[in-house]
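Shared chain: subunit A. Partners: subunit B in the first complex, subunit C in the second.
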Partner chain A sequence: MSYFRTRIEAIGGAVLGTSRAALELWLVYVGTIAGIVRGFSRRHGGRGRPKGELVRQLHAIGNRSLVFIIVTLGFIGMVMTYQACLQLGRVTGDYSQVGSQFLRLLISDFGPTLSGMMLATRVGAGIAAEIGSMKVTEQIDALRMSGVLPIDYLIVPRFIACVVMTLMLTVLGSMVMYAAGGLTAQYSFGVNPSTFYDLSFVRGRHLVLFVVKALAYGAAIPVVAGFCGLRARGSSEGVGWATTAAVIGSSFAVIVLDFIISAVALFLADGDL
Partner chain B sequence: MIGEKTIANIGGGAVSIAQHVGGIVVLTGQVLRALIPPRIDGRELVKNLHKMGNRSVPIVALTALFAGGLMMLQSGPFVKKLGATGLAGWAAGYAVLREIGPILIALMFSGRVGANNTAELSTMTVTEQLDGLRALAIDPVKFLVVPRVIAMMVMLVALTVIGDLVALVGATVVGSALLEIDASTMYHSFADNLKPYDFLHGISKSVAFGAAIAMSSCYFGVTVRGGAVGVGRAVNAAVVAAAVSIMLLDFFITYLAG
Partner chain C sequence: MSAYIEFRNVAKAFSGKAVLRGMNLAIDKGEVMFIIGTSGVGKSVTIKHLIGLLRIDAGEIWFDGARVDQLPERSLAPLRKRIGMVFQSSTLFDSMTLAENVALPLRKHGKLSHKDALVEARKRLAQVYMDDYADRFPAELSDGMRKRAAIARTLALAPDVVLFDEPTTGLDPVSARRVDRLIRELADTLGVTAVVVSHDPPSIFGIADRVAFLYQGIVHVVATPDALRASADPIVQQFITGQSSGPMETPGF
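Entry: the complex of A and B
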C-alpha cells in the first residue's frame, strides 16, 4: 500500500512542480512583454537601466555568436548536401534538383531551426549563467530593494536583443549553409553551381515561415533562459543546474515550436507547402 | 588603431581556442593512460550510467519523436505531390537514421548530461573537493573523469538506438495522422529502403559525439576557476565546445564513411 502511496505522491508532486514552473514561465513572459510596452512611455522607460545596455546585449548575443554560427551551420550544410547527393546518386544519379530542393527545405525548416538550436545552446546558456550568478549572489534582491523590476532590468534588453539578433544570425547562417552546400556539391559531385543555386522552388510562404520561425525562437530562448536563471538557488551548484535547465529548455522549446509552426503551416497551405 | 585592436582580439581568441583544445587533448591522454590497467571504480560507473542514461530517456524520446515527425512533415508533402507514397519512409528514415537522429539526440544529451556533468565537476572543483581527493592520494582523473567518460559514451549510443526507433515511430504517427499515409505503407517503405548500414553510420557518429561531449564537459569542469560565476561560465563553454565538435565530427565522419 505504501508503495503505491509514494508513487502517487511522486506523480502528484511532479505535476504540481511542472504546473508551478509553467505558471512562473508564463509570468516571466508576460512581465517581459509588459516591460517592453512600458518602455514606450517616457516616464517608466527603462528605469534604472544603465545607458547602452541594449547595445551591449546586442553585441554580446549577436556579434559574439557570429563565428560559432558560421562554423556550425557551414559544416552542417556541407554534410546535408553530401548525404543528399550520395543517396540521389545511388537511386537516380540526377543531381539537377538537389540545389532547389535543398534551398526550399533550408528556408522553410533547417535554416531557422538549426540556427535556433545552436543559439539556444550558446545564448541560452550564457543568459542563464549570467542571471543565475546574479541571483545566487543576491544581486537580484538588491535590484528589487532599489525599486527596480528584475525582469525589466535584466530580461527586457536581452529579449529585444535576442529577437533582433536571432533573425539576423538565421539569415546569415542560412546563407552560409547554402553556400557551403553548393561548394560541396560542386567539388564532391561535380554539380554545376548554376544548377545548384536555383531559386525557382522558393515561394513567398516559405519566406514567411522562415521569418516566423526565427522570430519565435528568438523570443522563446531569452524567456526560457531568463526564467531558469531567476530560479537558480543555492550557490555555484544552483548556477550549474540553472544553466543546464536553460540549455535543455530552450533547445526543446525550439524543437516543439518548429513542429507546431510547421504543422499549422501545412494545414493553412492545404498540404501544399 | 581599430585594426590593431581587432588583430589583438583575433589573436587572443585563437590562443584561447588553442589552449582549450590542448587542454582537452591532454585530459584525453590522461584518461587513456588511466585505462591501461583497466581498473575502474565500479560503484561510480554504475551510478553515472544510471544518472546519465536512464534519467535522460524521457527527454531523448520526446526529442526523437518530434524530430521524426518533423522530417515527415518536411518530406511528406513533396513525396505526396509526386504520388510516390512508398518513398515517404525512405526520405524521412534516411534523414533520421543518418543525420538528424544522432545530431539532435547528441545536442540534447550535451545539454542534459554534458552540462549537468560540468556543473557537478566544476562545483566540486571550486569547493576544493578535487584537491581533497588529491590529498588522499586518489587521482581525480581516475576516480571521477574516467567513469564519466565511459558512461557518457555507452549511454549516448544506447540512447541513440532508442531514439532512432522512437523517431521512426514519430514519422509514422505524423504520416498517418496529418498526411494520410497509412502505417503499413510507412513500415514497408522503411523496411525496403533503409539498410543496416544507414543505422550503423548514425551509431558510429554517436560514439564519436559521446567521446567529444564527455571530454569537453569534463575538461571545463576540472579547469574552472572562481566561484558561482565561474561555474556558469564553464557550463556555457562546455556546451558551446560540445556543439562545435559535434558538427565538425559529423562532417569528417560523413566524408570518411560515405
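Entry: the complex of A and C
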C-alpha cells in the first residue's frame, strides 16, 4: 500500500509543481506586458529600467547573434536545397519548382522557425544565465529592496529587444537561406537563377504568417528564459540548471507556437496555405 | 509594552526540511541585536522574513505595532523604505556606477529625479568615504569598498532599521572593524535599530547590545555579550569558543 501511496504522491507532486510553474510563467508574461505599459506611462524612463538598457539589449540580442544566424541559416538553406534537388532528380528530374516552393516554405515556416530555434539557444541561454546569476547572488532581492520590480528591470528591456531583433534577424536569415539555397541549386544541379528565384507563389498571407511567427517567437524566448532565470536556486549549479531549462523551454515554446500558429493559419485559410 | 520588532512562533521549511520551528525573538528600538548560530540554522532566513523577501509558513511578524508577514508584495514598498538591508554579497548592480547604484532607491522609493538622485547619492557615498569612487563600476573595486557602497545604498533612504547579513564576511580585519564602527555609530547617533547576522566574534562581542543564539530552529538564548560569554550552557560555550567536539549537533558533520 505504502508503495502505491508514495507513487501517487510523487505523481500528484509533479502535477502540482508543473501547474504552479505554468501559472508562474503566465504571471511573468502578464507582468512583462504590464511592465511595458508602465514604462510608457511613467516619467524617468520607466519603473526601474536603467538608462540605455534597451539599446544595450538590442545590441546583445541582435548584433551579437547576427553572424550565428547568418552562418547557421545559410548552411541549412544549402543542405535543404541540395536534398530537395537530389530527391527531385531521382523522381522527376524537373527542378523548375524547387526555388518557388522552397521560398514558399521558407516564408511560411522554415525561416521564422529555424531562426527562432537558433535564437532560443543563443539568446535564451544568455538571458537565463544573466538573470539566474543575479538571483543566486541576491541582486534580485536587492532590486526589490530598492523599490524596483525585477520584471520591469530585467525582462521588459530584453522582451522589447528580442521581439524587434527576432523579426529583423529572421528577415535577414531567411534572405541568406534563400540565397544560399539558390547558389547550391545553381552550382550543384545547374538550376538557372531566374528559375530558382521565382517569387510568383508567394502570397500576402505567407508574409503575414512570417511576421506573426517571428513576433511570437521573439516574445516567447525572453519570457521563458527570464522565468527560468528567476527560478534559479542555490549557486552556480542552479544557474546551470536554469540555463539548460531555458534552452529546452524556449526551443519547445518555438515548436509549440509554430504548431499552433500554423494550425490557426490553415484553419483561417481553409487549408489553402 | 510590545517590542519594536517581534517574531512570534515563526516556522519555515524548504522542500519539507524545517529550518525555523516556532522561533520567538523580540528586538527593541535603537538596539544592535546580533543573530548568531551555525551555518544553515536560519539566521539570514529570519531577517529576510521581516521585509517580505521570504514568506513564513506559520507564526507572526510584527514591526512597530503592525503585523507585516501577511502584506502582499505591492504593499511592501513603505516597509522596505523603513527597513533597509545590506546583503551578504554586496549585490551592487554591475552595469551601474556606484553613484547610480546608490541613486536607484532614491529614485524609486524617494521619487527623486535622476539628476537629483545622483547628487544625493554622492553625499551618501561621502558618508562611507567612497565619494572619490562614485563614477567607478563595482567590478573595479575591492570587496571592502563594494560593501561600504552597499551600506551607503541601504542608508540612502535613512531607514529606521538596517538588517546586516554577515557584513564583515570576506573583509580584512581593519575593514571589518570599520564596518562594525559604522553599525555602532548608526545606532548611537541616528537611533537606527540594527539587526546583524554574523559569525565574527570580534563584531559580536565588540558592538552588540544583545545577542540571539539560534539553534535547531529556535532562539536558544538571548543575552548581552558579557552574559553570553559567562554562560554555563555547554552548547553556547561550544559555539563561542569554536570547539569542534561537544554537545552541539551540526548537520553535515
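The rule is short, and it goes like this: the second predicted complex is superposed on the first by the 270 of 273 C-alpha atoms of A that agree within 3 Å, B and C clash if a C-alpha of one lies under 4 Å from a C-alpha of the other, contacts with A are read in each partner's own complex, and residues count from 1 in each chain.
Criterion: contacts are C-beta pairs under 8 Å (C-beta built on N, C-alpha and C of every residue); 3 or more make two chains touch, one makes a residue touch a chain.
Everything numeric here is computed off the predicted structure, so don't read it as measured data.
With both complexes brought onto subunit A, simultaneous placement of subunit B and subunit C is permitted, the two fitting side by side without a clash.
In the superposition on chain A, A:122 contacts subunit B only, with no contact to subunit C.
Look at A:105: by the touch rule set out above, it reaches subunit B but stays clear of subunit C. By the touch criterion defined above, A:137 lies against subunit B and subunit C together after alignment on the C-alpha atoms of chain A.
Touched residues of subunit A were counted for both subunit B and subunit C, and B has more of them. In the superposed model, subunit B and subunit C sit 100 degrees apart as seen from the Cα centre of subunit A, a figure rounded to the nearest 10. In the superposition on chain A, A:86 contacts subunit B only, with no contact to subunit C.
Once chain A of one complex is fitted onto chain A of the other, the partner contacts of A:266 are limited to subunit B, with no touch recorded for subunit C.
Contacts of A:94 after superposition: neither subunit B nor subunit C is touched.
Of the two partner chains placed by superposition, only subunit B is touched by A:244; subunit C is not.
Between subunit B and subunit C in the chain A overlay, the least Cα distance found is 12 Å. Once the two complexes are overlaid on chain A, the subunit A residues touched by subunit B in the first and by subunit C in the second are 137.
Residues of subunit A that touch subunit C in their complex: 44, 47-48, 50-51, 53, 56, 137-139, 141-148.
Taken together, the subunit C residues at the contact with subunit A in this complex read 48, 51, 53, 76-77, 80-81, 84-85, 87-89, 91-93, 95-96, 100, 104-105, 107-109, 113-114, 153-154. Residues 67-68, 71-72, 75-76, 78-80, 82-83, 86-87, 101, 105, 108-109, 113, 117-118, 121-122, 125-126, 128-130, 132-133, 136-137, 235-244, 247-248, 251-252, 255-256, 258-259, 262-263, 266, 271-273 of subunit A touch subunit B in their complex. By the touch criterion given at the top, residues 13, 59, 62-63, 66-67, 69-70, 73-74, 77-78, 80-81, 94-95, 98-99, 103-104, 107-108, 110-112, 115-116, 118-120, 122-123, 126-127, 178-179, 227-233, 235-236, 239-240, 243-244, 247-248, 250-251, 254-255, 258 of subunit B touch subunit A in their complex.
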